[in-house]
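Several structures are given next for inspection.
Paired with chain B in one complex and with chain C in the other, chain A is shared by the two complexes that follow.
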Partner chain A sequence: MTTTGQRAQGWGFVAPALLWTFAFFIVPFIVMGAMSLATLDGRTLIWGLSFQNYAELAEKRFLWRAIVVSLEITLTVTVVSVVLAYPLAWIIAFNVPKRWQRLALLLAILPFWTSYVVRSYAWLLVLARDGVVNQTMLNLGLIAEPLTLANTRFATVTGFVHFFVMLLTLTIYANLVQLSPNYRRAAQDLGASAFQTFRHVILPLTLPGIVTGAFLTFVLCIGDYVTPQILGGNTELTVPQVIMVQLGRRADFPLAAALAIVLMGIVTVAYLAAARWLRLDRI
Partner chain B sequence: MMRLLPWMYLAVAFVFIYLPVATLVLFSFQDGQLPVPPFNGPSLRWYGDVLGDSRLTAALINSVLVALGASLIAVTLGFLAAYGLARHVLPGSALIRALLIAPLTVSYLIVGLGLLIVLTQAGLGLSLVTAGIGHVVINLPLAFAIIFAAMGAQQQNAERAARDLGANEMQVILLVTVPMLAPAIGAAFFLSMTFSWDEFIISFLLTRFDVTLPVEIWSMLRSGLSPRLNAIGSLVFLVSIAVVLTLELFVFRKRRS
Partner chain C sequence: MDMTKLTSTLLATTVLTCAAGAVTAQEQLNALVWCDHMDPALIAPFEAEHNVTVNLREYEGTGAALALLDQSRPGDWDVLVIDGIDVFRAVDAGILAPLDAAQLPTADFFPEVVMEGVNTVDGVTYAVTEKFGYNTISYNTANVDPADMESLSTVWSEKYDGRISIYDYYLPVMGLAAISQGIATADIGSDNLDAIGEVMGTMRSRAASVAGVVAAQTALATGEVDIVVGGGEWLTAVLAEEQPDLTWTIPSEGAVRWTQSIGVVEGTQKPDLALEFVKYIVSPEGQARLATSSCFWGMPANALAGDFLTDDQKAILRWDDQPDYLALSQLYPAPDDALDADMQDMWLDTLSQ
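This part shows the complex of A and B:
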């Protein structure tokens, strides 16, 4: 059926998008890889095949530390978000009456659509020294002195968890409502308790959805600059924050590029670890 | 007690989810210099202040222009690629699809950094256009995936019928395919608009003198908490919500019915 003319026409349709992706994504990516192997002599850039930037990552404590901090924060956020989002998705899927479910889900994820700069600022307001949380706790007599909540890792994690609980509620809910109620009935007919049904039937069946959501959380969390910068302050730096410092202060593009490549390496490892359960086509 | 537990969890979850947004909006009406308790007001002075600020209104217009331009290009390119891949047998089509989706797997910071390196090495200046180019890179995979998923056999039959009746390729696309795919194209466009409207890091790296609204808000943040920031933040939130609700009410509802 397909003639050469039709095939050429097909290429004509695909070409603009391919060219755009190639010119503005693939090429920059290759140049960034090359840049990570270049060195800086004062302010002059020397292209080459040097692994000096990567060696620096192992040598300089603040660079190494940033990778550890990023991993710690990202893993904490991923685990806490899944643990908090699962019951929420469950309640919306099984406790909320059918005709209110769509509304409940829409409401549960509406603040997801706030700009991430604005969302982080809003958390800064909530967690500030004289902010809502401290004032409320002081008034209730729960604390005598305002707590330092902003500019801490706690603030960064809270800001992240807020965002990813909404994202994960959406993905886990989609997974739960696809389950046929027959699975639960069958397990219960065979004498399984509610917990056994969950542990041996529902949880394994929803695992792909959980892992897909958790992987998305991991990728988006480890690459974010805004949330740790606004909420965490400068007490400890994540990899994206260190990348931005390199760009700003010394215009050290080679080191920034090397850090970006390391970040991508970490994401690739996470992908390989999760690949067994990942259903990226089902997002 | 056990029966109440799920509803209590739901209530606590909603408090957590809405606490920052509610605080943001409430203290945008603060009649005073600090957006923290106690609340005095309501007052609209900070909204007046924000709307009278020429830098903010310029940034707002820039944001709308970048979002519109980047979304139009992303949806057009995404639609053409989806049409080409769905209607023509091309060698290596799985590879092409993977390539078009690839930018989704990379963080915005890295997309922006790569473009920044290329632009500075090529000696090209930074502007709203370069930020827009970056926004197309992140929105194109999404637009392509949404439209490609919606292309099915029923449109193909209608396209064949139109061709048999003498329509040329251009007429088939514009008069048959696009109208039949309108919900998917609309969804792709509105999603692109919200992502572009909210996007910060690419705009921050790739603009210089004229900036978008999130970048302008970022520079205001350096001077600390202020009800002005609450007012502009609430307005940004309102616009995002309006776009999402439009999408929910007009695009997704239509698609389901």
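This part shows the complex of A and C:
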């Protein structure tokens, strides 16, 4: 039975976190929500309860298109990153000797040590017309003319995947090493093939790690501005890029806030879809 | 150490710390600037002469600067560098303080860039032009026929499909599109926006990318593209030494002229020091350093800066061609709010194609 003193002590422990969340998430979110209902008259901000900024989403093709592009890129990046990260995490967890696993993980996250912007520009040079990829394929006779790789969606997805495979490898690895070897042994004793063991035992048990990493990938990717800007070459616009344009010259904070709220709505839907498998205690 | 001694020591330390802080505060000048002012070679001489520290904060986009100033307390900022066409926005917002025009060497300026109409509101001077240049065509002479760059009609032709990058700022690029159609930048309005939009569509369909300053420089330098629409000396000058094939020109139809102005922020606690900084920046020595800043080059507004530039630097800036260039170029489009919103929407629509 908890006493009043213990309850007070409990509140004392969580109070800093609650205050922090209130001050730096709840309050800004309310301000942003209110801003999204304001309007801009010339350069004057008019506070009110107007849904004009949300109506513009339906009226302006480029806004709607930006949402679609953001979703397409984010879903592609998430799926490709999971497909690449799972085998990598598996190899580190089960094929690399225990004493080398820490070094393998260190190598896997090595690119994290480089600045995000620098890494994006490095990819731009790799994918350029006379970059490593094109020159290698030209020298091997695989292509006659350099391919257009930079300033494309392919470049944006590549830059993102390079970053997020590392993140997913960590979450999936953390999940895999928690699995008792007895699960696999039991499945094999019952006559399951290696594939059946993976399909019906290992994969379901590692879903929390996959979904947690995938959700983090989704959240970080859909809100990212740098990678599409540098690697995509503005050949198509994502929502964060449109938000930046609204703020850059005209300081249209109401429309930018409305777009940010829409992004939060999308992330909330993604959370609800993934909530069943989200297990942060597994990572 | 007894308590009395300890208390005295603590009090003395506190007083000295506060005094040091106050002295330090008096020696700071806070300036909201473009990246060309971040060059130590420009700022260090002023700091040494006046025994002050100039704190520089770089920004991109007038909207971002106005928002930042709006959220600051009076006195937080002392100096503001701003797009010439946006001086009136800052004056409207009460951000710029009047300047004593008699203390500014505008008589030595290239006459076309004094621009009283831009820097003066109701007869009061609020800013002074410090640098100018052109949004025009930058290209690689090794891969492009220079003759093709002398007319806007051939710049974004099929011949250069996929070899073009467009500078990522709608005002100068739409200005160039207007000029290509014989529409003066000052005449851009809702009645001719569709015609400009068609040109933008063609331009966009030929372009491999729409790039900011660094990305456009990288694209030209790495051979990813051969032409930057909206480029100019500010884009290629810093690359000229290592890559002499990269150059720029003003086509026969003309180009867009950009200007940047500098002024003192209303409410500054150091108006004299702020004015001294402005005077230093528009002095011949300051102008020469600003013109050749490590971030980007551009023409100094003060023609006397030529005495402090080398022949090579003047050649890169096309110093001797300025009379022709100034005559051929038109000022940035300066739309009102409604037109600005329409132009921005058209730009985003074009990028989404």
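Here is the rule we use: the second predicted complex is superposed on the first by the 254 of 283 C-alpha atoms of A that agree within 3 Å, B and C clash if a C-alpha of one lies under 4 Å from a C-alpha of the other, contacts with A are read in each partner's own complex, and residues count from 1 in each chain.
As a working rule, contacts are C-beta pairs under 8 Å (C-beta built on N, C-alpha and C of every residue); 3 or more make two chains touch, one makes a residue touch a chain.
In this text, all values refer to a predicted model and were calculated from it rather than measured experimentally.
Of the two partner chains placed around the shared chain by superposition, chain B and chain C are both touched by A:Ile230. In the overlay built on the shared chain, the residue A:Asp130 is in contact with chain B and with chain C. Legend: residue contacts after superposition of the two complexes on their common chain; A:Phe51 is shown touching neither chain B nor chain C. When the two complexes are overlaid, the chain among chain B and chain C that reaches more residues of chain A is B. By the touch criterion defined above, A:Thr21 reaches chain B but does not reach chain C. Contacts of A:Phe29 after superposition on the shared chain: chain B is touched, whereas chain C is not. Touch criterion not met for A:Tyr183: it reaches neither chain B nor chain C.
When the shared chain is aligned, chain B and chain C each come close enough to touch A:Tyr121.
By the document's definition of touching, of the two partners only chain B reaches A:Ala260; chain C does not.
Of the two partner chains, chain B is the only one that A:Phe13 touches; chain C does not reach it.
Residues 121, 124-125, 128, 130-131, 230, 247, 253 of chain A are contacted both by chain B in one complex and by chain C in the other.
Listing the residues of chain A that touch chain B in their complex gives 1-2, 6-7, 9-14, 16-18, 20-22, 24-29, 31-32, 35, 84, 87-88, 91-92, 95-96, 104, 106-108, 110-111, 113-119, 121-126, 128, 130-132, 135, 162, 165-166, 219-220, 222-226, 230, 240, 243, 247, 253, 256-257, 260, 263-264, 267, 271.
Within the complex formed with chain A, the chain C residues making contact are 60-64, 66-67, 89, 92-93, 162, 165, 168, 171, 208-212, 215, 218-219, 222-224, 337, 340-341, 344-345, 347-349, 351-352. Here chain B touches chain A in the complex through residues 6-7, 9-10, 13-14, 16-21, 23-24, 27, 34-37, 76-78, 80-81, 83-85, 87-90, 96, 99-100, 102-103, 105-111, 113-118, 120-121, 133-134, 136-137, 140, 144, 169, 194, 197-198, 200-201, 205, 214, 217-218, 221, 225, 229-230, 233, 236-237, 240-241, 243-244, 248, going by the rule given at the top. Residues 42-43, 60-62, 65-66, 121, 124-125, 128-131, 148, 150-151, 229-230, 233-237, 242, 245, 247-253 of chain A touch chain C in their complex.
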